Every structure is written in C-alpha cells, then in structure tokens.
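Both complexes shown next keep chain A, but they swap its partner, so chain B is in the first and chain C is in the second.
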Partner chain A sequence: MSFDVRLRINDKVATIELTGELDASTAREFHDTVGQAAGAGAVELVIRAERLGYLSSAGLRSLVFARQKMGDEVRIAIVGASEPVARTIRLAGFDHSIDLVDA
Partner chain B sequence: MTFDFEAAGAGRAAGVARPPGCGRANGLCVSATIDSLEPVSDFVLGLGKRARLPESSLYRFRLAADELATNIVLHGYRGEPGEIAVDGGIDPGDVWVRFQDDAPAFDPRQGMREPALDVPLAERQIGGLGVFLAFTAVDTFDYELVAGRNVSTLVMRRPAVE
Partner chain C sequence: MSTQDIRERIDAFPTHRIGPYRVRAGRPFPYGATPVPGGVNFSVYSDGADTMSLVLFERGATQPSAELEFPPEFRTGSVYAMTVFGLDAENLEYGFRADGPFDPERGDRFDAGKVLSDPYARLISGRAVWGREPDWDNVYHYRAQVLNDDFDWGGDRPLRIPAEDLVIYETHVRGFTRHPSSKVSAPGTYAGMREKIPYLQELGVNCLELLPVFEFDELDNPRTDPVTGERLYNYWGYNTVSFFAPKAGYAATGPFGMQADEFKSLVKELHKAGIEVILDVVFNHTAEGNEQGPTISFRGLDNATYYMLTPRGEYYNFSGTGNTVNCNHPVVRDFVLSCLRHWVAEYHIDGFRFDLAAILDRAPDGTPLPNPPLLEQLAHDPILRHTKLIAEAWDAAGLYQVGNFPNYGRWSEWNGKYRDTVRRFVKGEPGLVGELATRMAGSPDLYQGRTSSASVNFITAHDGFSLADLVSYNDKHNEANGENNNDGANDNNSWNCGEEGPSASSHIRRLRVRQMKNLLTILLTSQGIPMILAGDEVGRTQLGNNNTYCQDNELSWFDWGLVEAHAELLRFVTLLIAFRHAHPVLRSSDHPTGTDRVGSGYPDVSWHGVRAWAPDWADHGRVLAMMRCGRHAKGGSVDDDHVYVAVNAHWEAHDLELPALPHGQRWHLFADTGAAVHPPGAEPELQHPGRYHLGPHSAVVLVGRAAHQTSA
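The block that comes next holds the complex of A and B.
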C-alpha cells in the first residue's frame, strides 16, 4: 500500500503531509518524521490529512509520541481528516489534546 | 487476486482448529510478520466489498481485522516465527472473518483497554488501544481456544436487502 510523508518547516511551524495508509507497516516513517519536527524546535505541528485514507492504532501511537516529544505548549492540529479517520481519533480520545480542523 | 468464498453459513462453525488455511480457496495463510498485514487487509476488503458493506462498515471491518492481525504478530507471536490462517465468509445477515494462530493462548479481548480520557495524552498508557478500536468497530468479536489454537472471529452485520 502506498504511503508518503512529507515534512516542511516554515517560521517554526512544522507541516507534515500524509498520503495513503498509516498502519503498523508505515508508522515508522511517520514516527521518524514527527521526531524530526520535534527536533527542529517547531512551536506548532500541522498534520495535513486530506489524503490520508486509513489510520490504525499504530498511527495513533505516533501522535502520542508527538505530544510527548513536543510538549504541552506546542499546538498539534490535524487538518482535513476524512470521517472514518476523524472517528478513530475521537474514539481514542485524542481530540482532547489534538485539534481536529475541518474534520 | 480473486478469492472464492464458502456458501452461506457453511464455514463459520465448521473447520475450526483444523490446520492453517494455506491453499484454501476461501482464505489465506500468512507468516506472522508486519509485511503480512497488507495481504490480510486486501483479503478482508475484498470480502467486505463482496458482502456489499457500506463504505463506513467496510472501513471498520478492515480496521478491526488489521488491529487483530497486528496484535497477533506483535503480542501473540512476539517476534517468533509463526503463521496466521485467515478465512471468511458471507452469510445472509452478516460477513465474518476468522483468524487462527498457534501463538501462546491469549484472548485478545483481555488486552483491551479503554482510553483514559481524563489522563493527558502524553501520559497515556496506549497498550490495548488497537484491540479497543477493533472491539468497537465490529458487531461481534469472539474468541475461543480450540485444541490449543487461538481462534478469533470478527462479524459485521450486512445492511438489509432492499
């Protein structure tokens, strides 16, 4: 299954663009990218999820890692998640700590 | 890739605890590795589409199967070599997929943990989240230990025929 993750950082805002399916076989790549964003001293992390077709608990773990690594003061937002992806995030209760935007 | 599925009601009760489904027309047998998750998902998606599950049910059926298979690989076999037999079928009222493995006996539902919503995300214990997602995604999540073999079955109701 195809999966692509792209990171860009502008003015300390890290944007990660996800395409494809985020599961146990692709989560490592996302995890590493989250680590890069945190290491770069970003003050905000925006995850573009418009083209994310699938999210399993393996991907959710990386979101916990992002929250741990970046600290509470860093805003993390997931933009444009599809209905089933947003449902999974809400079901896990992650929407208390991560903003779901346009989902 | 195409799969043929057993006739309605023929398979779910029969065939439990027989050798892994390698070579069976209505299933597949995969090694217990992360790389096997993709063919398992493909199989379940194909089954769900043939059962004419609505898009949201199909997504949840696949999610549950993916989480269960991941659980067997990571927490069942724990990196040891092994196999997972997967088969499934379509009945008039529902569609089901069954996983059989020879990892140490373990009811995956026992590992389920509901998210601790009152605990900050950074402090969450997230073990058991995958099984929680699986359990809440499908209509039935059954487990049996049959002749020393773990047998888990996920069932999703099909919409009534118009």
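The block that comes next holds the complex of A and C.
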C-alpha cells in the first residue's frame, strides 16, 4: 500500500490522515505535514491511523517528533491505531505523551 | 534577537568526498557517533592502528555497503574523526576496521579481518530478541547504531533520596516478569517491569537495583544442562559487550530499535512512583575474554590500552573471567567516566553498584593503588555529584577491601561482613553477640569517620542462596549449571532447619518462615542501607542453586504465584519496611555512640540481654536486644519513639526483662516473628509492661511511646 498523508485544519484542530506504511522513507513527508500543522497554530493534533498498516522505528520516532514539534500544550491523539501499532506505542512508553484513542 | 538556521552554518558543509560520500574532518569529541546538522560525526580512539576505516551497513545487511578510510588529515593525536553527510541514520549500522600490528607480546592484537563495534555506541542491534540464535556467519554481530536524544522526560530528574533513607530492592529485568504468572503484556522486558511498579510501591521499597542492563550476549555461555541437554545462558549479564547501550533483548520494542526509549520510560515511571534506579555496572572485565575470546571491540581497537597485560602481553585475570579492564589507564578512566555520565545525564540513573570494584583501584600492572585516580575522579565528578556510588569491595584475585575501599567520603560498600555475621548469628552459631551489635549499629568498626550509609547491609543478593534457600539448604545444589556442582560459593553460612530441601514437616516449615522473618527483622532495623533480594519477600526458592547466573528459567524467575501463596510473609515484610520508613531513629546517618547526646536520659543506642541493661557478650550468648532512643533520631533533629529489637537465636524461649521507658510511655508490640505483626502506628500495648516472652529462634520489635488503648 503506498503511503499517503493528508492534513485538514478545522477550528485549530489539525487532523492528519495516514494511509500505508510510516517508515524511514515516508517519515519526512509526515514530518513536513506536522510542521504545517504546527505552523498553522493548531491546539490539537489528531492522527487518524485506521489505515496505517505498519509503523517502523522511524515511524515511531516520528511520533516523538510530532510531540516535540507541537509543544507540550498541544494534545496529540492517535485514533484507530491497529493493535500491533498501539502495542508498540504503549511498550515504548509513548502513550504517556500521546493519547491512544479507539476509532 | 534573530536566530540562525543551523543548516546555514559553514561547518555543516562537506569538504571532501570518499566515493559517493561527502565528508569533512570531524570533531574528536564526543567519541562515538553523534548526529550533527546534515550528517553524523564519527570519532574513535586507537593509539596503535596504522589505518582506520568507518564501515557502514544498511540495517540488517550481512555485508557492508561502504568502507570509508579516515584520511590522515582527519586524525588528531590518536583520534580519528569524520563527519559523513547525507546518511540515513535510522537505517544505518556502523563499525570500525582497524589495521595495525599483531604482536601479542607487545600487547597489539590488531586484526583487519574484523569489523569492530564502537565502544561508545549508544545503541546496539543484532541481538534484539532475547535468546534468538543469530547468523553465526555474520561478519558483524554487535552492530552500532546512531541514537537520537529526543526522549520526552517531562520534568523528570534523579530523585536524590538521602542514602540513609533508601530501601534497595535488587532484581533482574528479565527475571522479574518473565514467568507467565506475571501476567504483564510484555514479559521479561523494561515495559513489563513498568507494569509492576504498583507492586513495588505497595511493598515500600524506594530504590531498584538492576542487574546489568548494558548490552551483553546471553548466548555467550557454551554450557548445557547435563540432564536436559538444554542450552545454558549468560542470564545475569555480567559480561558487557557495549557499555553505553541498553540491552535490546530486554526491550519489547528492541526489534524496532526503541530499547533506549523503553528503558527511559521505565526510569521515568519509577521516579514518578518515588523509586530510584541503581544500575549494577561491570567495568572490571569485558565480553572479549582471554586470548581465546572473540574480538568484539576493545581488543581490536587498542588491546594494550584497554586491558591489563603481563610483561609478556598475556591478560591479567583479576576478574576470574579471562581479562581485566585497565581502569586506571588515563584513556580508560575517561571511558568509564564518560559512560557513567552518559547514564546519569541521558537516562537519569540515580546510582551505580560496581561489580568487583576492588579491581578499579589496581594500577595497570595489577598493584592496588593507595589513591586510585579513577575512584577519586568518580567521587568528585560534577555530573555524578549526587549519584550513589556503591562498591562490591572485593575482586576475584583476593583483594578484599570491605571497610577500607578508597571512598573519598562518597562511596558505599556492599557489607559482606554484615551478611556473614547476621547469617551465622541467626543460624545459632556462638560467639557472635558482640559482632552482631556492631553490624546492627552500622558497622562503625569498618566505617569510622564515614556516615552509616557507607554500609549497604544485605543478607542475600543475586549471587548466592535466596532467603528461602538460606533456611532450607545446608549445601549448594548447582548440578544444573553443568560444572559438577563445583561452581558457586561453599561458605554459605546457611542452615536447613533439620532437613535438606523441601520438607513436609510443619515444624520445620514454621521454623523456616520464622528464620526468614528473623533475618529480615535484623536487616530492616539495622543502621545502614538495607538491600533486599527480589522475591525474598515471598519466599522464592532456587532449589538450592546458589549461582543461577546461567539459568534462564523458573529457577531464576520471580514466580508471582508466591505473592498469594506466601501472602503472610509478604505482609510481614511490607509492614517491616513501613516500620523502617516510620522510624527515623533507625535511619540516622551518624553512627550511634552509646551515649546520651541530647539529654534524653537514654543513650542513642543501648544493648540488653535476657536482663535489661545487661547484654550477654559471652561466647555462649545467643540473645541480643538493641534499644534505640527516639530523641536521638537523625542526630536529635526529629523526635521519634523508642524502638527495641530483640533476637533470640537460641533453641529455647527466654523471658526478657524490658528496659524501663520514660514516665507515661509503654511498650507496644510491632512484630514477633513467631506470632503477630501490626501496622506501624496501630501497635497494641503489651499486657505486661516490663517483660516479654520470646520464643525459640524468634525476634521481637517493640515500640515505646505514650500509652495506647488496646493491649496485646
């Protein structure tokens, strides 16, 4: 599945929809999108991950990047992550800075 | 004020080209691989190499994708440094190839056929899943990777709990939750341990001491179980491969290269729970072994610098494992210091316990130094300033320094004499009343002029019998280790209470539980820092094996079923720890003097026997009682109750005469190891104010304070 990232901003809530695999080769595109969301002054970032098939270590690092790029005041939620993806996020301890939300 | 985009900096541009790679002369410091704008800076030391190359792999590839020889102008002194631009750090594994003389008599063992792991690697791949057989034909096993420093620590920092207030709990990352009964989501990992923090909080310990977590190879043990034929492991991990990298096989996310994050999350959550983290570190030797061992890193980079060598170039073996790290060589000192700073600054580690630390004060020729520069440096280092430093103050070649380890007012010691005295007294050996008193008072004979937290008191540790085995076995039973029961210590000072191993006798079983409680009662009412071995609070057995370094199975793992099966013992230990926390008089940092320094009418510590104020120091004595006057707590700065602890190691009961308390105060029963234990603060008053009937092989703890409503 090819990677696709889409950004919508409504009322200062940024929604990034991910499709495909987030890994080293696609992380840059995701980072740029997070940068756009931060630049637009979003107060909340929702990452829709229902169609995210795979998250590599580079992909996980991207979530750290998102947290640091957006700043501590911005809530970040990952919605609809598959169980393997959610489990990896939890085990690495990232669920303390990023909310995991069922779809 | 405007800020400058870092990508615009002039030093972020290459000056040279090696093949398709754009490079420039790197920065010699820090050593290792460091992300810099646009690239990665690599720096490595070798005094004797003729040439040095950086070897690059794509992640997981068996063959290198490139080798970049350091141009001569990239070498400063004996340090090779190069910045390589445009690397995909996420998918990169790197090593070094050093070419130079192979002349063992002169100490040189260069081998250009080997790809060498970076001694400063902060992340290692290649052993990401515990126990999984690697491709042994791979040219590069312990593969250095670049680590990003992007962990979100929030407001975390080391806790700085006063040393005298610590209750240390020694455990093993894998063993703590590997047993299926742990019911954690990722058994045997940092993440699994994180899920057990509530248990630790309930138990009341405030410091976790972890057996080695630096990257090691659990598969480097060639032995097999002689009965089952199953592989034996290097389970404990005292054989470091890479000193700056957390063990990937202890991380559920190791296959993702996320072990650093997972471990940091554990530390952060432990800190939130008020629990410090001390790492057991092994700087006395490395996994490269002797002349027959593998060349992993140090041997191939600069054998003569990193190892202590005989005049003929052979390895000194003060560690008992084949080689000895040359800790007081200036380059190696720098290595050890950088490593510890790394763990404190990057991982917020609260302290270190140094395995076979006596080796750290040996000169390059093995002679013990009176003023070893490494130890002095660690004691005064600005980054380590508030870090706990604990020495295992002996080595495998007979240097025994308990009480005289060079300490610079900073170092604590595992007090092996405490362990031996308490074990021998409680099993009933004569002639130990006086020495037990000294040990309970913080061993002032050993640590005069130092605080009482110089003494880390312990009865059991990973090395030796577990507490349950200490009272169930006279002899070690190490057959499963594959060395005909020749390994492990023989002088265990243990007593099986009448039958070797598991017993159907209810008398023996009750006696064993009482003996465990007696030992723990002494431990947790002694001055100094108490250390508990994980599982002892629930009576964990190793079936008499006192050296389970190789046993990755139920012999070593914490069986969480014991939490229910031995709930009564667990409750006793939990309340005992709570009692210690509740009574600062047990945790003064100054040694007691036996005099009244605050005008309370009582000495800070007083000793008693069957009769009050009349301790029986004679050889046949087997009863000792200690009273601590609460007015002296923490040097008289806080007010506490009187605490009276009596231990009867005799096989007969004794009627103890209790010392009189100040007017209006009464003795209350906190715990009798043969009867009841009560929550601190809710102890019932004794029916008879001046006497206590203490059963055989029992201990009692009383607390003296204003009269209470209920009575025992």
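Operating definition for what follows: the second predicted complex is superposed on the first by the 101 of 103 C-alpha atoms of A that agree within 3 Å, B and C clash if a C-alpha of one lies under 4 Å from a C-alpha of the other, contacts with A are read in each partner's own complex, and residues count from 1 in each chain.
The working rule: a residue touches a chain if its C-beta (ideal position, glycine included) is under 8 Å from a C-beta of that chain, and two chains touch if they have at least 3 such contacts.
Note that the structure is a prediction, hence the values are computed from the model and not measured.
Clashing of chain B with chain C is the outcome of superposition onto chain A.
Look at A:Leu91: by the touch rule set out above, it reaches both chain B and chain C.
In the superposed model, A:Ala24 lies in contact with both chain B and chain C. Of the two partners chain B and chain C, more chain A residues are in touch with B.
In the superposition on chain A, A:Glu83 makes contact with chain B only, not with chain C.
Contact with both chain B and chain C is seen for A:Leu60 once the two complexes are overlaid on the shared chain. Two complexes overlaid on chain A leave one chain C stretch from 5-13, 59-67, 383-391 or 671-679 clashing with chain B, and it is 59-67. The contact surfaces that chain B and chain C form on chain A in the two complexes overlap at residues 24, 56-58, 60-61, 64, 67-68, 88, 91-94, 96-97. Those residues of chain A whose C-beta lies close enough to touch chain C in the complex are 24, 27, 56-58, 60-61, 64-65, 67-68, 87-88, 90-94, 96-97.
By the touch criterion stated above, chain A contacts chain B in their complex at residues 1, 23-25, 54, 56-58, 60-61, 63-64, 67-68, 71-72, 83-84, 88, 91-94, 96-98. If you check the complex, the residues on chain B that touch chain A are 34-35, 37-38, 41, 56, 59-60, 62-63, 66-67, 70, 73-74, 115-117, 120-122, 124, 126, 129-130, 132-133, 136. Per the touch definition, chain C reaches chain A in the complex via residues 88, 90-91, 148, 150-152, 154, 185-186, 189, 191, 194, 251-253, 256-258, 261-262, 264-266, 268-269.
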